[in-house]
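Below you'll find the structures, each written out as structure tokens.
Below are two complexes that have subunit A in common, paired first with subunit B and then with subunit C.
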Partner chain A sequence: MLKNYLKIAFKVFLRRKFFTFISLFAISFTLVVLMVAVSFLDHVFGAQPPETKLDRTIGVFHLQMKSPDDNNTWSSPGGYKFFDRYARNLPGVEIMSLLTDTFDGGKVYSYLDGNKIESYLKHTDGEFWRIMEFTFLEGGPFTSDDEKNANFVAVINEATRKKFFDGQSALGRTLEVDGQRFRVVGVVANVPYLRTIPFADIWVPISTMKTQAYKNQLLGGFNALFLARSKADFPMIKEEFQSRLKQVEFDDPKEYNRMIGYAETLFEFMSRPLTNSRQEEPAKVGRALATIFIIMILFMLLPAINLVNINISRIMERASEIGVRKAFGASSWTLVGQFIVENVLLSLIGGAIGFVLSRFVLRAITESGFFPYADFQLNYRVFLYGLAVAVFFGLMSGVYPAWKMSRLHPADALKGVAR
Partner chain B sequence: MTSQATASTTSANGAQTSTANMIQLEGIEKVYRTDRIETVALSDINLSVRAGEFISIMGPSGSGKSTLLNVIGLLDVPTGGKVSVNSKPVTSYGDKHLARVRNEEIGFVFQTFHLINDLSVVDNVEIPLLYRKGLSGAERRKLALRALDRVGLHARVHHFPSQLSGGQQQRVAIARAIVGNPRILLADEPTGNLDSQMGDEIMGVLKGLNDDGATIVMVTHDPRQSEKTERIVRLFDGRQVS
Partner chain C sequence: MIKHLLKLVWNRKRINFLITVEIFFSFLVVFAVLVFAVYYTDNYRQPLGFNYENVWSVTLDMKSASTPGSRESDKQQQFATIKNMLAGLREFSEVESAAGIWGIPYWSGDWTGDREINGKGKDFEIGFNEATDEVKDVLGLNIVRGRWFGKEDDGATNYRPVVINQLMARTFFGDEDPIGKDISNPKDKERVEQRVIGVVDDFRKGGEFSAKRGYVFHRNDLASEKVSPPRSLIIKVRPGVTAAFEEKILARLQAEARDWSFDIKPLAQMREANFQEYLVPMAAFGLIAGFLLIMVGLGLTGVLWQSVTQRTKEIGLRRAKGATRRRIYRQILGELFIITTIGLLAGVLVVVQFPLLNFMGFANSRVYAISAAISLALVYLLTTICGLYPSRLATRVQPAEALHYE
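What follows is the complex of A and B.
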């Protein structure tokens, strides 16, 4: 019987080419967008080298200073002085690291054989390399001693090695960046541009900055990372960080006298715009996740409604066939089963097309170079969830019209009467 | 009311036929109701059809012929009265049970054939067997080919309905009706869409099936075809007039 159903299903798909195309397009397009969106989120927030300890990592990515009358606000990444003086030795923190924000003045230029080379430079301490797990192709990281002694050493990525050294071994060789010369101590695999915390082309010690002014700044250019002993320590760390904010001694308390900020995960930090959370309040992660979930459901609901309409039309026009099958012994449930098989088959074909298209689109985005060093991967788990949802909607969209039609008296169905 | 007989007789061609009632209708009413209008399609129909009998139902358009055939074939539910098929009182049967009776006891031949154009001839003929338990694919195919052979269409098994003439399509429809070896064959104007020569051919096929023991009830407008049946039931405005 299944063979007969499948045979009929394929014939119907071929006979109603436009309906079939619309159905398959709706299913596969939905899956592609879902897969690309999830892949993007996974690429930005998922645990992957060098951020393999994300489950234990929180940070401070933004701070605000407020004036006594609240009329003036200074928003910026944190300053070295603030972190160094007030954020060290938080309870529950195993390692703390300070690093500059690559996207806050990190773009630098070099000149090699008359060519201008653009790079992203990040200044870090030695602890940074203990929190992150980079894949080293050559050498190793610089150390806390290098940072302490202001050694002009650098770790570069693979792309930079290719630009400066034509892909040859770079270990021990020097490169000039923004007018400073660094000795290469390590080469790492490229880190994707969208991994905003570790991303850079070149990593050098903080102490090699051109001026030492950073040491006196409460705000400006730095992020702090805290590797907790366990995720369970997050609340304690966050609470203690809040109490440290109250201890800040301002250079001119008449100008600014209050510091606002949060130790939070990158997702919490990034979710603020989505939930319109002001800096003065903790990030609303639950609301952000609910918003993302609702957007995804709404996105999938539209093609689902479309599928329901298409299926109703498709099944209604087959009233005569339903009448014939009932006349020759098909029960209502048997007919519902037949239409379910058809819809599941259509959904699976749409899913297969969506799978192939997703891979193609993700590869195209990766190879476009629009997001440097990105490598968008298909998340099979999410694909299966997406496919399950598509099949579910396929079932739902098929069951209602099939059941409605199957309840017809065979005599009415044979007349083509679809009530 | 017609009493149920149990004796057996031998027909003219020698086939053994039972005089038990294969179909029995008692006080059948069928009323179509909308918000404002009530249309009586059938009123107080009492009819018994013996096993192996070939009867025709005649009457003008709108007299309720097809409605009566649908009620006999369990394709439509009467508003009142009792229907028995092969001595089974089916009036109270549910959807699943009715489906089984239709599958095992009744075969249908429609005026417009009602073949599924997406399926080949042999796949169309196999349809009733799909809903019968315990048959393998090979067995279904064997029975379908045998039914097609019986109606003289063994050379067209892999054609599609649209590739056949009207007469050939009706033969396919008959093969589909008889493939499950039902005791009852219900034909709703089986020659209505055919020219007289093809109509005669189809009547010949039906007569042959009747000779082999099938009970046949045929709705027709054509007096020439009804004369070939054993008995004529006439309807007028939903009432049985003879």
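What follows is the complex of A and C.
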């Protein structure tokens, strides 16, 4: 029976090539846009190397100091002194790491044989390498001792090895960046630019900074990462962090006497602009997710209406076919079943085309080099969701007209008076 | 005629309703993308107010404790270092002039304030900058009234000299001569006179796509306690100087301050990055909207085609009663026109609310009006194109063939 339905379906698709094309175009195009958007979000926020423990990681990405009269606000990433003195030993935290914000003054230059080389430099500590799981191509990370003793050692990425050492082994060799010389102890695979926390070209110990001024700063270019024992400890860590904020001793309490900040996930931090939540209040993740979801639904609305329109037209056209089948004793349910098979089949074909196109588009974006070191992967789970939505719309738009048509009197249907 | 067409449309209300909804959403999508496109095009055509060619920027990272209002002795030390750097740079034969400035063009950081327009109770956004005397030469600012900062301002102790742009002058002083007027903020607690000494035609720091706004330059004399060290140096190099010169600049600057870091970049390069920031999202959304329209267009053609086939009888009857091909053609297109108009009317009703609700508030009503007009034209064009083939099809219906049905 099913084989018969499929045969008929194919014949129908081929007979009305134009309609088939429109349906396939709508389904596959919608899927492609959804896939690219979701892959982008996944690329930025999803758990992937080196951030494999993302589900247990929270951080402090932004702090604010307020003056007593509330008129002056100084906002910036946190300072080393603040984190070192007040944020250590939070209960439930397994490892804490401090790292400079790569995008806040992390761009450095080297001159090699008269050529200018641009790199992103991140200052961090030994613990960083225990929170992140980098893929080391050679050597290994620097250690907490390197940080303590201010050893001029560096971990570089593959791209930097290519630029400085022509792709040859870099272990033990030195490179000069921003007027300082570092000995390479490890080479890692490239980290995408959009992975804003671990991203850099060159990682070096914090203590190798040009001046030691950072040790006295409550605010400055640092982020803190906390690896919790489990996700369940997040509320406890967040609460304890708030109480630590109250202990801060200020350099000049007349100028600034209040510190505001949150321990939060990167998604919570980045979703703030989306929900217009100010730095003074906790991020509203639920609302951010709802906003993204509503935008996606709104986007799917137009293709869905289009699909419904097309399906209704297709069915109308087949009034006489339905009449013949009814006249020969097919029940309404049989007819509806047949149309469901047809619509699902069409959705699946559209899905397959969308799948191939999505891979093609993602490959093109990856290769355009617009986002350095990006590797956009197709998210199979989301693809299945998208396909389910397409099938759902296909069913919705197909079943109702099919049901109405199947209830027609055979004589009317044969004459084609359907409206 | 119209009344008759309306009746025909009403007779097939279910399918026509779906088409109307589709047209309504298409209009909204086209409008949303066009508001951005029109807004940016509009900005692009305004004068920029400075010249970016052969200008290089050097952003300074002084690695100091960097508390705002840091200790006065530190600051004087930094001023001295920067003065030495500027003098050193001017010694190069490749350099035409060099200056210090707080915010370089195309940099995303900004310094803004709201100022109430005299007695009108409306806030006006102003951009601020702090510039040394040579900035005018380096950036090729165009003075339209008065003069730029110079040595003669050294004696100004009880007031601060400022240079404003034309928009600011016009907004605050209308046709009056702004020179010598005070623009300090009445809300400031310790109010110091800010005396206008000159007017530049404009300075759109955000680049070609940024909005026009009021602008105020303060003078940075690299000495007084009221100003802070400039964030960046800008250098006008002679035409034909290549990137290899950067290394020489860097060596010279590093010699003055061992522990500072420098970020050297031609403005042309920053301009390119700035363009990409605006154009890439625009192109992506434009592409998606374009595909959506194609999809809608194809769907509409399909539906119309189907409805013409279905109405063979009706059309055949009209032909048999003497209607010409031309009249059939006009009937099909007329019906489509009415459906489109209903969808668009709903769309316009929604769009009219945007300025009132301050949704997409960056654009002014002129931009809204132009975008709405273009969107209307585009959607009408789309539906007309979609209707052409099906209505041609309708004219080919033979009366005999149609009547043969019964």
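What we mean here is this: the second predicted complex is superposed on the first by the 410 of 419 C-alpha atoms of A that agree within 3 Å, B and C clash if a C-alpha of one lies under 4 Å from a C-alpha of the other, contacts with A are read in each partner's own complex, and residues count from 1 in each chain.
Simple rule for what comes next: a contact is a pair of C-beta atoms (placed from the backbone, for glycine too) under 8 Å apart; a residue touches a chain by one contact, two chains touch by 3 or more.
A quick note: this is a predicted structure, and the numbers were derived from the prediction, not measured.
K.L.:
Check whether A:K107 is in contact with subunit B, with subunit C, with both or with neither, and answer first, second, both or neither.
P.N.:
second
K.L.:
Tell me the contact category for A:P303 with respect to subunit B and subunit C: first, second, both or neither.
P.N.:
Second partner only, subunit C.
K.L.:
Please indicate which partner A:T135 is in contact with in the superposed arrangement: first for subunit B, second for subunit C, both, or neither.
P.N.:
The answer is neither, since A:T135 touches no partner chain.
K.L.:
State whether subunit B or subunit C is in contact with more residues of subunit A in the superposed arrangement.
P.N.:
Counting contacted residues of subunit A, the larger count belongs to C.
K.L.:
Determine, under the contact definition given at the top, whether A:N149 touches first (subunit B), second (subunit C), both, or neither.
P.N.:
neither
K.L.:
Can A:K7 be said to touch subunit B (first), subunit C (second), both, or neither?
P.N.:
first
K.L.:
So in the complex, the part of subunit A that touches subunit C is made up of which residues?
P.N.:
Touch list, subunit A to subunit C: 18-19, 21-22, 25-26, 29, 33, 74, 105, 107-109, 111, 114, 116, 178-179, 209-211, 213, 216-217, 220, 251, 255, 301-303, 305-310, 312-314, 316-317, 370, 415-416, 419.
K.L.:
Tell me, which parts of subunit C touch subunit A in their complex?
P.N.:
Where subunit C meets subunit A, its residues are 12, 15, 18-19, 21-22, 25-26, 29, 61, 63-69, 243-244, 246-247, 250, 254, 258-264, 280, 288, 291-292, 294-296, 298-303, 305-307, 309-310, 405.
K.L.:
For a test of understanding, state which residues of subunit A touch subunit B in their complex under the given definition.
P.N.:
1, 3-4, 7-8, 11-12, 15, 320-321, 323-334, 409-411, 414
K.L.:
Contact residues on subunit B for subunit A in the complex?
P.N.:
Those in contact with subunit A are residues 67, 70, 73, 75-77, 95-96, 99-100, 102-104, 107-108, 110, 114-116, 118-119, 123, 126-128, 130-132, 137, 176, 180.
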